[in-house]
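Shared between the two complexes below is chain A, which pairs with chain B and chain C, respectively.
Entry: the complex of A and B
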């Protein structure tokens, strides 16, 4: 076969494969939006769900998903950044470092149902946090840490080592170099990692069944005391997220419009992920530009 | 007689068991340029990097012997390496400006070392850039990214950055080998200009460059200094045949 022909065939195969992936994604997205969009309205987004009657909304679940995202990121980002920076900049190559890396990788392949049960036994029962947003956030952190650590490590390793040397030669401390020279350059990759972690938070259901719970107390959105059981911002209350809600009404929903609600909620979830994704990337770009005085990423 | 502020005494650098630099005694007189030449892998860059302890971070590297600056051994246990590196600037083969604006590249070091006054920082930025012969080219675009500069400009920016913390010594590791001839000429002019204020040690593979800009030349081979003398002596009348063969381009 002529090299030119081989090249054409290879190109064709690759293009076909990518087209299949894009087609599947677009098809799925289109399907979800097509089925769900018509059901989305302001009252659907803000009102509480109904058990038997039609016309229920997803207000509390929507809020729960967003609040759980915030809580999870508050725990995940510092831990992931810290461990990732340690792996990239402090850990000496050797047995301990590679065993840490192995543990992190194994952690990422745990089935979510197992991690959920683990959370139920340890966090919910033994530690007594009960079915709560906090328990859910901890379990999601277990999922997200491997990703966050790995992304952080790679983001920092990806900065040319000449940058670090230049800092050292100027008499900067290691910490100063990490914070002021490496971190700004690593930001776009860290944002990507955070976006992926966030996707997991929005989408996870199995592990949250056992930790954040399947119910939401009657929330009083005028009550902002974080310790009150009816306050929306109390992290120690049970909280059904959007993904869990979709699963629940699909499998045991009694309301006559359960299917429509599930479709609407799915569409909302997809749009939510999309919005978060775009916002995070925009923010990452703004930060990168501010720190590096540049106009373009990479 | 010139006052000697900077010298090494029986300095060896090991990577694990391998002795990359073997017991070197060398003086770096003030206000002069010392060129380190020799074939690749002869230990000259390792030697240079040990002078501001850049090898500290390399796992398995070890140093014996002494490096004296103003009568102090820089590897002595109590030495503050951060303070030490302010005295010794360094510039590499590939320009490595920070991913920051031109202004911030220069102001970063002084700011970190305690200068907060905006006007003073402005002065440092201007004087450093002037010393590096870059001011006129960038004075209207100080807020732009340093990466928007050309390679030669970036290298001069790196020199300006090194000068911003007022070093006494400047270490240059093949500073012009990645540059075009015009930029190279500018960097060479700059080096000759700068030696009025500091001692300069430069590693170079370019014999003409060593001959043009240095006052002293040391020829490295297999981790040892074969010959170290005034540059015109090394280039016109070397005592060692190995040196002569290298500088005349017969090997290396």
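Entry: the complex of A and C
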């Protein structure tokens, strides 16, 4: 075969394969939104699910997902920031640092179900928190930490060296440099990374099956006492999230409209993840402009 | 350090801040290390109970083909699940790798001007779609399609690996694309200068150079496929034996754990056997990480 013909064929194959990927994504999104959007209504988003009758909603699940996300971020952000700053600023190259890196790498490639099982064993059973939002948030923190550490480390390493040196030349202490010079510059990337990580947490289900539980008690949305078992904001009650709900109705749903509910809930989940993605990008850009007084180059 | 009024040591505010900062960040990192060490310890000790206390033979567990935990003479052979996990993740990597590598080539070599702008968001969106949604789409599109086209129920290893292959596309593509874009420019240009066509350049210069990175991507993709639980569980059928064809109901390690962990009593032999499978998953994760490390080391040379 002539090299020129081979080149044409290869280019054709590469372009075709790439188009297949685009087509798969468009098909996926199209299918999910087409099947799901018709089922989404205000009552679907707010009413409680039905076990055997048709017409159930996803209200409590949606609330649980959002609340669990907030709880997770409250725990993850301080820990992830701390560990990431350590890796970027304090860690000296050597055996210890490289073994910490290995640990982070291993942790980030653990299957989420194994993280969930660990949560079941230690947090749910040994510590006695039971199936609860709190256990779920802790497990999601473990699941999310490696990503947060990597995001933080990269954000801090991305700060131009001169800015740090200027701080050192002014005789500032290390911590002062981290907080007042590096952090503001790193914030746009930090926010983008955190929101993207939040999107991942939002769709996670395998780690939550055995930690946050697969059921939600009847909630009373007028009860805001965080210690009452029917209160929506009690962190120690079991909570089924939206992703877990989709899994559950697909595998053991008894309602006659189970497939429609799964379609609607999937559409809601995907739309929320899309919103997270877009927000992450938009916030990153806005913050970058606000903190650096410069236009984005890209 | 003595101050003027004679008090022995004056701790200035910024010293204190510095200390608190250092202690806090060190604390966070140690927490991370403690978590992973305890995770390994707990899962391993629980997983080994099956062999130590319940007296199940390791060989029987790993290579036994019969899984019958509730029979009169309970047998715990996990080979069907281990084989299922390997089959689905290998097949998924086989489907996804060519697609991903082509996508990476498209972004970096064919149309570097706008290829990235088109495919980057596509890849990120694919990575962002939750796994249960993949499972749901697999259950409502792929399974009925396979049921019509091929003999059988549509569920099985084929459906599972097809769903997984879409899920691991982003992993492989982004690693391959990073590798391609970090290649030194001179490499490509010297090949063009010798009169090579684009495909000749890609085939004999670019691909051999980035091969370790491409393999890293494939291994990481496989690792993700190996550990994925719910999407696979929804489409694979969950029959506890080795299937005779790709379109027959099967199981993976993750799917059997997902289904049975909630229905078995903590501490029973069956439950412990599930923990042994979790241990197997964890060991496989280590193996994947080690392989990736070896590949990266080779790349550095």
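Here is the rule we use: the second predicted complex is superposed on the first by the 253 of 298 C-alpha atoms of A that agree within 3 Å, B and C clash if a C-alpha of one lies under 4 Å from a C-alpha of the other, contacts with A are read in each partner's own complex, and residues count from 1 in each chain.
Definition applied: a residue touches a chain if its C-beta (ideal position, glycine included) is under 8 Å from a C-beta of that chain, and two chains touch if they have at least 3 such contacts.
Because the structure is a prediction, the values reported are computed rather than measured.
J.: Return first, second, both or neither, reflecting whether A:168 touches chain B, chain C, both chains, or no partner chain.
T.: After superposing on A, A:168 lies in contact with chain B but is clear of chain C.
J.: Now for A:93: first (chain B), second (chain C), both, or neither, which partner does it touch?
T.: The answer is first: A:93 touches chain B but not chain C.
J.: Report for A:28: first if it touches chain B alone, second if chain C alone, otherwise both or neither.
T.: A:28 contacts chain C only, not chain B.
J.: Considering only touches as defined above, state whether A:112 meets chain B (first), chain C (second), both or neither.
T.: Touch status of A:112: second partner only.
J.: Quick one: is A:176 in contact with chain B, with chain C, with both, or with neither? Answer first, second, both or neither.
T.: Touch partners of A:176: chain B and chain C.
J.: Residues of chain A touched: more by chain B or chain C?
T.: C
J.: Report for A:185: first if it touches chain B alone, second if chain C alone, otherwise both or neither.
T.: In the superposed model, A:185 contacts chain B only, not chain C.
J.: Applying the document's definition of touch, where does A:12 land relative to chain B and chain C: first, second, both, or neither?
T.: It touches nothing on chain B or chain C.
J.: Both chain B and chain C contact which residues of chain A?
T.: Overlap of chain B and chain C footprints on chain A: residues 172-173, 176.
J.: State the interface residues of chain A toward chain B in the complex, per the touch definition above.
T.: Going through chain A, the ones touching chain B are 92-93, 160, 162-163, 165-173, 176, 180-181, 184-185, 291-295.
J.: Touching residues of chain B toward chain A in the complex: what are they?
T.: Per the touch definition, chain B meets chain A at residues 52, 54, 57, 59, 82-86, 88-90, 92, 94, 96-101, 104, 108-109, 112-113, 143-148, 158, 161-162, 164-165.
J.: Report the residues of chain A in contact with chain C in the complex, numbered from low to high.
T.: My answer: residues 3-4, 6-7, 9-11, 13-15, 17-18, 20-22, 24-25, 28-29, 31-32, 35, 78-83, 85-87, 89-91, 100, 102-107, 109-115, 117-118, 120-122, 125, 142, 145, 149, 172-176, 178-179, 196, 199-200, 202-206, 209-210, 214, 243-244, 246-247, 250-251, 259, 262-263, 266, 269-270, 273-274, 276-277.
J.: Spell out the part of chain C that touches chain A in their complex, as residue ranges.
T.: Residue list for chain C touching chain A: 14-15, 17-18, 20-22, 24-29, 31-33, 35-36, 38-39, 42-43, 46, 98-100, 102-103, 105-107, 110, 115, 118-119, 122-126, 128-133, 135-137, 139-141, 166, 169, 173, 196-200, 202-203, 220, 223-224, 226-230, 233-234, 254, 257-258, 261-262, 266, 275, 278, 281-282, 285-286, 288-289, 293.
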